[in-house]
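Please find the structures below.
Both complexes below contain chain A, partnered by chain B and then by chain C.
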Partner chain A sequence: MTRGWRAALGEWWATPVARALVALALMLLIGCVFNADGAFFKWSVHRDMLRQVSVYGILACGMTVVIITAGIDLSVSSILALAAVSFAWLTLPEGWPAALAIPAVLVIGTALGSVSGVLAARMRIQPFIVTLAMMVFARGLAKVVSGGMKITNYVQEPDGTSHLVPMPRIFGMIDSRVLGGNVSIVTVIFLLCVLATWIILSRLRLGRHLYAVGGNEEAARLSGVPVARTLVMAYALSGLFAAIAGICQAAQETQGDPETGMGYELDAIAMVVIGGTTLAGGKGSVVLTLIGVLTIGYLQKILSLNAAPEATRLMLTGTIIVCAVLFQRGR
Partner chain B sequence: MTTTPAELPVPIVSARGIRKAFGPVEVLHGVDFDVRPGEVHVLAGENGAGKSTLIKILSGVYGDFSGELRVGGRPRRFGRPADAARAGIATIHQELSLVPSMTVADNLFLGRETTGRFGRVDFARQTAEAARILADAGLECSPRQLAGDLPISSQQMLEIARALARDASLVILDEPTSALSDRETETLFARILALRAQGRGIVYITHRMEEIYRLADRITVLRDGRLVGTATPDRLPPAELVRWMVGRELGRAEARRDVRASGPPALEVTALRVAHASVPGRLVVEDVSFAVARGEILGLAGLQGSGTSETLHAIFGALGRRASGRARLDGERFPMRGARDSIARGVVLLTNDRKALGLAPELSVIDSVSLASLARFSGAGGWVRRAEERAAVAGLTAAFRLNAPSLDAPVGALSGGNQQKTYLARCLLAKPRVLLLDEPTRGIDVGAKADIYELMRAWVAEGIAIVLITSEMDELLALSDRILVLHRGRPAAELARDAASKDAVLAAAMGHTATGTAGGRP
Partner chain C sequence: MSRRVAGGLVWVAVCGLTAAGCGSGSRARHAGTAADPYVIGMSQCNLGEPWRVQMDADVRAAAAEHPNLKVIFKDAQNSSLTQRSQVEEFVDQGVDLIIISPKEAAPLTKPVAAAYQQGIPVIVLDREVQGDQFTTFIGADNVKIGREAGTWIRETLGGQGTIVELKGLMTSTPGQDRHSGFLEGLELDTHPGLKIVFSGEMEWLEPNARREMESALATNAKIDLVYAHNDPGAHGAWLAARAAGRDKEMKFVGIDALPQEGQQYVKQGILDATFLYPTGGQEAIDVALKALAGGTVPKKIVLGTRLFTKENIDTGGQAIR
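And now, the complex of A and B:
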């Protein structure tokens, strides 16, 4: 009886989810030790951590899908900025209602992602190069849309006059909290993105195709999987999630900043990889990514609670990424 | 074998009682082999006879063997290929080992660059020397060209030129002509004869009858890791050579099926042609036509490079524009358009390369098996009906006697035989009308093979048509209702079940027909 129990535990321990959870538990343990005079035991600290990682986490959802196909998407941070700028521009100076502006922004993000996908899948350019180009291009496009400046509710007319427009309600809504102020709306959006990604990856035919293409592209093709279409879908989804993240970012910053989100793509990749999804493709899951997001989120929170200087914070984060990946591989 | 050793010069290489095992499995059981100065010694045998293993011992790839190897009369044992090269043994393997992004001259001098002071490479001298080597080899290319820009045949010639430029006393050539045009083959033969005249020794491996009888001074035949014998060509006519290769026991393989094919053809292929992947104007499959009926197993036989695999890939539509020809499936036009379309119409291919073209090791058994049939198990929006899928996969894997910890285990964790069963199950779950099976039992154990034979017999009984490629002669003869033999991409013979025998198949595959050697002897 006990033997069966032990064997089951041994098997569970070998799964990536178990390893990712253990890494997260270790991180929480560190938080309990370095609790900054009990601050770590307050829900508000956890709530704020969740709010802070949500935008990264939304990017990481799309990144998970792309990495499972053995690809990479470096353009998510720039698409995020373009989405933030576009959303601010449509709702503030242009005065579009949110019900129109949100779908329009999502279409922009999906379209740019699809372009990357077509270039990678049909033109056979390496995903790293394609999305590097898209990263530069989308950042430029964000500057074109914003005229190189932050878009706020202080609107300048072409005739030189300027005036304040009231902040649309959607900004405040996205940046508010629910459940008695205990959970931020952006966190809810992040969790919904995780759920959507989970459904795509583990319940839809598309998900099977994504894993198959990442695991062995030629085998997938010979099994009748539409490889190019599957890859385009992966990058389109990544673009869509980046646009969602951009809307959240604009709402949190109450403006559209063309410089926003610089370097976020690297955080998103780190979160996916710490969870245990490998860059080689063909395996991984969004549940792992969720755990990876929380692990990095807690690391940052613990370091800031203990007022670690930025230099220490950066070096520790780098070290812990390598340790986590080695731990995931099972030494 | 007829002359006494006393009157012979010292062999360049002499191997006595060579044994080689991989783990517990011995693949060479005490082989004798020698090469004298100024002779072309052909090494012949079926696939798996032990030719490559012997070559790898001579060229220093395998150092752990038992028996005696003498080079120039002195006992030697090479630890690395570089040691063999230094001892004057040059080997040209079938796989190219050029660096495509470097120039022709750089490739020729790779690892033995002409250097001046401080290790500076003397490019001018190398280029001049390279031009001379290329002229000798009859290669019309510049030393400054990138090796990767040359056609495959020229790359092969370059590879040969590189080995010959090292002033070797023994040159080993493993099927060197498989990628060469007729004209290049002639150039190569002229080089070989010139080397022989210089007193060097040549070991030549080929599956082509006409090459054997054109070049060989002596022929050594291996079978199942044993030496059958060594003889001069005049004492070993083609029919006898084939008998040496397949063995004396010409009895039919056991356990044949009783079901005979009847009824209209399921798949008809007419005038199928496939262009070479990289040599323009060369065909690897030429005017192949056949039909296979419902409930019939058509064996497609041929030695390496005969175009059998390409034939199946072309029918499946996996070769794109390289393939041309017509096909009909159950009387209707079958467009050979691509994997997706072919599977939807009921033509399914099992490739001979499970690792590269078949399975993704990380996928679970269930995902791997259902991959080609997901359309059937998913509704609008692509939502997979998982219970239905699991039930279908479980039913099939039970019939296959698949040994897996669970259906959710990754296929990479299964044994080779069980991986192969998973791959076959995927093909069968797609509800094929015609199964194209390329080496369905490659690399799996006897038990799994028996299971797969039994399954194949059950499928044809249900009316599925099978086109089968296998390099195992017993398997081919036991399973096939008819056998179509290809030689260099062309149909060489079609043998009915009763007329098929090991030596008939092998003779046709080597280009030897009843009327004489195909291609002719000079």
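And now, the complex of A and C:
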């Protein structure tokens, strides 16, 4: 051992992951103090928290990829809603089997994401504008698909009659738990999304290209990175993750609601940023995002357990986002 | 090429507008027969909410009974200014009567009054406008509905039990009224056996209700009943209780009772009771017919509610005046 443990600790402390972990630990400490008569010490509370943040977390995976390219994707919440109503529409009134409906919905999400990507990369429109437009467009499309109503297992025929169809098993399956009822399936899906994002960012050439484009687009172009194709891939991935999140949302709500997920894009961005991935691009990782997701998830859980009024919640959430980002930036 | 396409589009648009103009006509009044039906303009503040979609559906269904009525529907997409111009358009089009479910009172009071002063009857639905320059206001009473829910809950529990309340947006009047009415109905002073053990805000949203209910389940070993300010909230609570294996332990009560939402939940045994928040669509057409015939109509109509339970759901619920 050539270095002392102090130096090693100092080095570790300087890494973004360490900072993010300390912020999460602080949040857990707050939970232990305000434990709502011991409720915070039950595993089921943590399990439920993990279920609640999963849909946000899946969106945050795609958001991480886009933010690393110095972009932003505001359309994820609307693509989520479109995916949720498409999934409900295909499986409930149309009666498609899940094995067909799920790929179809994932294709829809990926396609809309790709459209944003092409507009941003080839037509050189700013990502903020492109995805803002896509956010509005996809929300409208979700309303068209659903006819403005929630799609449930109560199906109305064109002749005015209506009947109940049995809930397809896929809904119950996605909204169930494994490992002795200790982990929700949606949480497993979320963790698989994190793993997939990690592989893309850290193990594939695409990942290197994403960081290169976000760090310095001109330099990336000069060193032979296919900038446009990389950007399209980033937004396509974000659309794909939003579609996965939409299926999870529909399964958990047992319906396709065209209004669902309103504002989720901002939560996803907050989770990415609290983790320590900067909006400037070129830096960050999905591991940081995972920690950010947990930090926000615990914050919401602690406020909910203690039945904090809505106004307090909003103010505290805002304050803590700023504190966490300042903390990330360092001493 | 693109210029030709654009030119074509403009041409089509002009033709469309002309046709629309001819269709609606600029005549002052219609005869009110099947050949020349009365034209009613309906301005809905926001079709993004299922309840308001239902309101339009109720108006449409009620009007379909009368071949001498034709209704034009417009959606203001949650913008008061859009809604204001819709009212002005109706006046310009020469409709015989206007039904409006306004987004806000202040910005819509003037356009409604302007139409009314030109002799066009205006029926205001659900939310009020200021002053008295309109024909009739039709609306429900959230305090009363909350009180009915509270009374039903007190009687059903036999004055004894633990209750979770999942509140709507508490900065909104419906949220405040459904809460205060509920407390009135519970009569906690004289029924010390009733306890509200958890009270969370779910802002009308099902995922939030599920989150709040999970907290309630984690902090309370025994819950007898969940009262949610709307049916999606009650449904979210049920999902949480079912996931925890505790849905059989408690009753679930919601509000709104939309045919495809709350009433279905009761039918499926998810909710034990839901209270109708009526849209007033049917009543609006009833009043419209009277006003068009030159009859006198009341200035204000407060709608009652209906209780739906497993026992009465197939017979259309029980009216509460």
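General observations
In the analysis below, the second predicted complex is superposed on the first by the 327 of 331 C-alpha atoms of A that agree within 3 Å, B and C clash if a C-alpha of one lies under 4 Å from a C-alpha of the other, contacts with A are read in each partner's own complex, and residues count from 1 in each chain.
Please note the rule applied: a contact is a pair of C-beta atoms (placed from the backbone, for glycine too) under 8 Å apart; a residue touches a chain by one contact, two chains touch by 3 or more.
This is a predicted model, so every value here is computed, not measured.
Model built by superposing both complexes on chain A: chain B and chain C fit together without a clash. By the touch criterion defined above, A:Gln156 lies against chain C but remains apart from chain B after alignment on the C-alpha atoms of chain A.
Once the two complexes are laid over each other on the shared chain, residue contacts for A:Leu305 go to chain C alone; chain B is not touched. Contacts of A:Leu206 after superposition on the shared chain: chain B is touched, whereas chain C is not. Of the two partner chains, chain B is the only one touched by A:Gly224; chain C is not. Once chain A of one complex is fitted onto chain A of the other, the partner contacts of A:Asp37 are limited to chain C, with no touch recorded for chain B. An angle of 120 degrees, to the nearest 10, separates chain B from chain C at the C-alpha centre of chain A in the overlay. Comparing chain B with chain C, more residues of chain A are touched by C. Contact with chain C, but none with chain B, is seen for A:Gln252 once the two complexes are overlaid on the shared chain.
Between chain B and chain C the least C-alpha distance in the superposed model amounts to 26 Å. Common to the chain B and chain C contact sets on chain A is no residue at all. On the side of chain A, the complex with chain C involves touching residues 36-37, 39, 42, 44-45, 48, 52, 55, 143, 148-150, 152, 154, 156, 162, 164, 175, 177, 249, 252-254, 257-260, 300-301, 304-305, 307, 309-310. The touching residues of chain A, counted against chain B in their complex, run 203-206, 208-209, 211-212, 214-216, 218-226, 282-283. Contact residues on chain C toward chain A in their complex (touch as defined above): 47-50, 53, 169-171, 198-201, 203, 206-207, 210-212, 214-215, 218-219, 235-236, 239-240, 243-244, 260-261, 264, 267-268. Considering their complex, residues 316, 318, 339-340, 342-344, 349, 351, 356-363, 367, 370-372, 374-375, 378, 381-384, 386, 410, 426, 430 of chain B touch chain A.
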